[in-house]
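What follows is chain A paired twice: with chain B in the first complex and chain C in the second.
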Partner chain A sequence: MLPSLLAAASGFTRPALDWHAFAPEVILVVTLVVALAVDLVAGEHNKGLVASVSGIGLLAAMIPLVTLALDDSSRVMFGGAYVVDDFALVLKGLFLVAGYLTILLSTNAIAEGDYHEGEYYLMLISSILGMTIMASSRDLISIFIALEMLSIPAYLLASWRKRSKTGIEGGMKYYLMGVFATAVMLYGMSLIYGGTGSTILTEVGASLGGSFGHTPVAALGIVFTLVGFGFKVSAVPFHNWAPDTYEGAPTPVTAFLSVASKSAGFVAILQLVFIGFGGQSDIIRPLMFILATLTMTVGNVIALRQTNIVRLFAYSSVAQAGFILAPLSVISAGNAGSREQVLSSVVLYLLVYTVVNLGAFAVIITVSRRTQSGEITSWGGLFTYAPALAVCMGVFLFSLGGIPPAAGWFAKVLLFKAVLSAGTTGAYAMGVIMAVNSVISLAYYLGLMRTMFMDDVPDGDVTPVKTPVPLFAAVGLTVVATMVLGIVPGLAADLAKGATFAFLPGR
Partner chain B sequence: MLLNQFLLLAAALFCIGVYGVISRRNGVLVLMSIELILNSVNINLVAFSAMTGAVTGQVFALFVIAVAAAEVGIGLAIVLAIFRNYRSVDLDDVDLMKG
Partner chain C sequence: MKDLLNGWGPTAAVFLPLVGAAVLLAIPKSEETLQKVVALASSLAVFFIGVALMVDFDYDKSAKMQFLVDKTWIEMINSRYIMAIDGISLPLIALTVFVVPLVIIYSWNHFPEPHNPKAFLALILILETGMVGTFVAQDLLLFFVFFELVLLPMYFMIGVFGGEQRKYASLKFFLYTAFGSALMIVSILATYFLSPKVNIDGQMLHTFSMIELSHWAGSGLAKGTAILVFGGFFMGFGIKVPMFPFHTWLPDAHTQAPTQGSVILAAVLLKLGTYGFVRIAIPILPIGAVWWAPIIGGLAVIGIIYGALGCLAQTDMKRLIAFSSVAHMGYVMLGISTLTSFGINAAIFGMVAHGLITGMLFFIAGSVKDRFHTLEIKRLGGLLLQAPRMGWLLAFSCMASLGLPGLAGFWGEFPAILSAYSPADGLNVALFRFFMVVAAIGTVFAAGYLLWLLQRVAFGEPTEEFKDEHIHDMHLTDYLAWSPMIVLIVVLGIYPNLIFKVTDGAVIQSLSHIAGH
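This part shows the complex of A and B:
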């Protein structure tokens, strides 16, 4: 049997594998296996070992990223389906850092009270593995596989508190919306494949430049495909799941979903918009204009009347997604300079937003360990009994609102610059909408500041907040990074500017 | 080649699936409607693949089938957990959080 099969398959040659380019993913897979084995042998009160192994694995996976960056050549595999270029390296770094910070946020919260501690880290690592694959995918099939690889564990993480009604409700909403969006996205991809005859993004882009690109079917395919990722980044009107899921899931998972999962959606959108649908900017511009405007405005306005801190941050993250989508509403196929600006400003904003939002969630987790409440009123007078935490939270809120010297201001300035430099009427309209929304967002960011610094402590209890070591490390790392990036903005800006796509042909 | 008929069938299945997801309140039926959409995708992919003679579409369809199985596995697990908590799989009941 075997020899005949081998004889029949004699025409098959193994595609060249570049193990160096694969090294971060391979390390993550090995970590996954080792963590599984450790989970198997570790005793019930020893599950913290799994967290340590996972954290070390994530840090180890960053080493090949550095060696690949020093090597300074883009690597193409599988006929252009899998590309390791500067864009992929920067975004993989972002996902690994976000994953490591999430583990720091999780260790205490998951060990105390929630169940299935060992499995939690396995799910987390496999979701991060999907994200690192997403950063390199330049092919409709591998984008789909990466999306599922990061989503399926995320569905499980979101419904982790399966024995509480709200916990499973959040997971259910996330799952149903996610699967529905994926199905619609696949239908769009099948239309694009049918019209272009290829799944490789560079070839899709070339075919869409021909006669097929002007047919309604192509427009339908592009819109459906992008809408599928609109769900992932919680763009309005596909945001309904976000507040409920964020409230129902364990808070570290919320932090992970609002940052890493969202960034992965943006990575896919950037790849599709810049490589696959690069020539179809007359379809993408109005779509992104509508999505960005709705997302910013609805997110900000609903955030104004939230009383629960996690829901406040859920709507804040919806609004931030609108800001990140905004520059995509001005891209044009002919203007290469503007396209570069759009790409680097979006990547920079993703980098800054990841650090800042994870930091804010680290403070939320630390404080809610003591107050045992998600209500904003319970944050009253935080400054009197936990001045350091209150100041850190202030830095993160300033950064999210775009006030110097915290990192967010520079990222926001670059977003405005990328939008306005396009110079069209739509661009100026978008600039005005962004400016108005920045002001609205300040209202609730500064409202939370006022509660922390001015209000009285609600129950008069001023015992200091205990900060466990992992949470202390997470808050410390993110607050230092936020200040450094705000005062020396060149550091991250250069990184983002270097994160360009390698438009290498396949084969 | 009867490509149009296949595409029309797929489009019809897609529309039925989307209608089912939006109108059905039973969790299991919503999952089945999503399966309909995924199968319309498979018909599309295989039809296009047969038209051009390239195997990429068939490979894509295989991936879709495999991943859909994993997704539905998780979906049924979540529906089961919903039933344990709420004693019902009616999605209208599963709506505690608002605002």
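This part shows the complex of A and C:
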């Protein structure tokens, strides 16, 4: 058997590997192995070491990103299936930062709770590894592999809470819905492959420009593929898993899912929409218009009624996904200027949203360590006994709501700008829908503000909140970043503007 | 001095309060006197910068943007850090830097509950940054940032330091204004894309510069588009003014806000909306303005009558004053809606006058509340007997508010009504004359409710409830805070040219694209 296989594979030549381009992923793999080894030898009380190793590994993985960025040339591997261009670098940076902040958020929560501690970080790192691969995948199959790599550990993490029914229910829901969405997506991909004869996105894009692109099969393939990722970014109507999963999962995992996992979904959507299905904007526009409108509106309206803070943030993150989808609803194959703005506005929003939402979750974790409750009422009068935390949370909430001078305002303005840059009636309609939705979202962000600043402390207990060092660092870093990016938006905006795809079909 | 102001004057006026607030936050909570001194010192420093700007302002060229600063801010979308002052913004900047120190002096021993001078003063200073920033920003996006920045401190001031219904009122205030701003940002971006590109350092780029956009003035824009884009601005500014039917947040916000909040709200915040019309909406989209003018005028006179009737129905002194604001802003908006230089000059005067007079009324209402612990009109009475100085000042302010000639209120109201007699070309003269008649009837109502208020609060004998109580007349801080306002109300009433000659040139220029100018 074996010899015959080897004989059949005689034509196989090892593809050229660019180790520099692979360095971030390699470092993550090494980190994974080291962390596993540390977990094996470390005693029950020294599991914090695993967290430290993982954190250091994530930071180390950022170094090659910088050298690659300085190098300034896009690197292509595996016949175009794996590309390290500016877009990939910026997004990899985002995933690594999100991962590092998640570790800061996790250290205390996971050590104090009834959790498997060492394995937790292994799962986290593998998921981040999947995400960094996603940022470079320019091929249907590698996108699929990356998606599975990042999702499977996330399914596990979602049900990490031992002996908790809600945790297991949430994890189960996430898993089943995820698998279902993946099946739909794979079906879509198979239709695309069947029609175009290629899985490389640039080639797919080129063939879709031909006669196949006008067939209903192609439309079906595109819609199914995108819908599969709609699940990942919790777009309505594929969002039902989010609130239960978010509530059931350990809070740091919720933070991770709402930010990193969601961004990974968007990365895939952007790659598909801009490279693979770039010419098919007539199909994408209405699909995204409906998805964005539904996602924003449903997410916001349901968020108004939430009494649990994590569920509130779950629906808020659904609504935010709608905002991020909105610019895609005006995308047009002919209008290159507008396409550029859509891409950079989405990337910028992802960057800002990552920082802000993780900051908000850092405050949530810090506060719930003291209150031991997820109810919003337990946040009453936070300002009286923890003024600094309350002010930081205020900054994050205003940023999410898009009120200057916190960073969110500029990201939101850019989304508006990208939408309006198309100049069509649909674009203006979307602009007004977004405007109305930003006001609805303010209602519940302000509701939480009111609880923190204006309500009385529920049980009169005003002992201060203890902030452990990792959480302090997480809140401090994110709040400073939020303010700086709000006042000097150029810093992140330039990064987002530079995050362009190196290879597009027909270039 | 002049060179220094040219480069840094507006910037210093905008950010100095913020520096003050930062210093304030570093002072320990127990050092209350130090906190007050720092807050007062920074607001006074801003006041002196304001005075220096006024002294160095070239009044012969009030239409020209002076002290212009134009630096790169967000290169990616060519939004620039442009700050400048012309004849339209100067009076409003002066009003702002003048009122804020007085409010801080008034606060000295009157901090609202929960007692937290540090936070309270910091909020006032942040507010000042937002307000001055809005008046000097000449880039639409920068303007938007300051316009929104004002919301935050006001929200907390009402929500934390306000009355019984403070939570409801603060949320309503925030959501209403945020809704307007959200539509406004759509219009700002539409303006950005629809206007032609301009040459910036050799590159052709879209621009947010209000100066460039006013030169363009919507030429070549389809009428329907101009009307829609103006509609977005109308929502943003109209809610802030507030115009009928978007006024419902105002009585709640005013009634629930602490005295200082009410004064700043009345004196400056409402003017952000009217200023927006004069500075942005009308010069940039004159075609849209002509279409909207009858609607604005109509809503303005409805506001005048509705506000007046609302006043007559109030049982709470502060709520009554709040409704009178709706009526007074109606006169301002009527002046603006005529699209004539006469009307808009009157409107700007009206903004300043209303700021001083209504601010004064809120100060007195605050002190009445402080002494009697109630503002219910029927429980009050005989203020002239118990606290004669306060009583006479209330009488003075009511007279000023109802537009007595010789006091500032007159010059805001009367020319605004008169200007409706001959609106700009292209507007329906008969309709505006009808508005004029309605607005004139409104003045009678105004006299009615203000005199009625005065009669019930100040005249007669004190009620049973407070008959034997010792009511302290004015405190030292009251003298210090109020006398400058009183003096200014009189001075502007006697010599209104002080403002008219500043605004006239700039207003005429801002209307240069309206037919008939």
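Methods note: the second predicted complex is superposed on the first by the 492 of 507 C-alpha atoms of A that agree within 3 Å, B and C clash if a C-alpha of one lies under 4 Å from a C-alpha of the other, contacts with A are read in each partner's own complex, and residues count from 1 in each chain.
Note that contacts are C-beta pairs under 8 Å (C-beta built on N, C-alpha and C of every residue); 3 or more make two chains touch, one makes a residue touch a chain.
Computed from a predicted model, the values in this text were never measured in an experiment.
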{"item": "Which superposed partner A:Ser438 touches (first chain B, second chain C, both, neither)", "value": "second"}
{"item": "Which of chain B and chain C A:Gly374 touches, first, second, both or neither", "value": "neither"}
{"item": "Touching partner for A:Gly498 - first (chain B), second (chain C), both, neither", "value": "neither"}
{"item": "Which of chain B and chain C A:Thr166 touches, first, second, both or neither", "value": "first"}
{"item": "Partner chain in contact with A:Leu420 - chain B first, chain C second, else both or neither", "value": "second"}
{"item": "Contact residues common to both interfaces of chain A (with chain B and with chain C)", "value": "none"}
{"item": "List of chain A residues in touch with chain B within their complex", "value": "140-141, 144-145, 148, 152, 155-156, 159, 162-166, 168-172, 175-176, 179-180, 182-184, 186-187, 189-191, 193-194, 197-199, 243-244, 247-248, 306, 311"}
{"item": "Chain A-touching residues of chain C, taken from the complex the two chains share", "value": "73-77, 141, 144-145, 148-149, 151-152, 155-156, 159-160, 166-167, 170-171, 174-175, 178-179, 182-183, 185-186, 189-190, 192-193, 228"}
{"item": "Contacting residues of chain A [partner chain C, same complex]", "value": "344, 383, 398, 401, 403-405, 409-410, 413-414, 416-417, 420-421, 423, 428, 431-432, 434-436, 438-439, 442-443, 446-447, 449-450, 453-455, 489-490, 493-494, 497"}
{"item": "Of chain B, residues touching chain A in the complex", "value": "7, 10, 14, 17-18, 21, 27, 30, 34, 37-38, 40-41, 44-45, 47-48, 51-52, 54, 56-57, 59-60, 63-64, 67, 70-71, 74-75, 78-79, 81-82, 85-86, 91, 94-97, 99"}
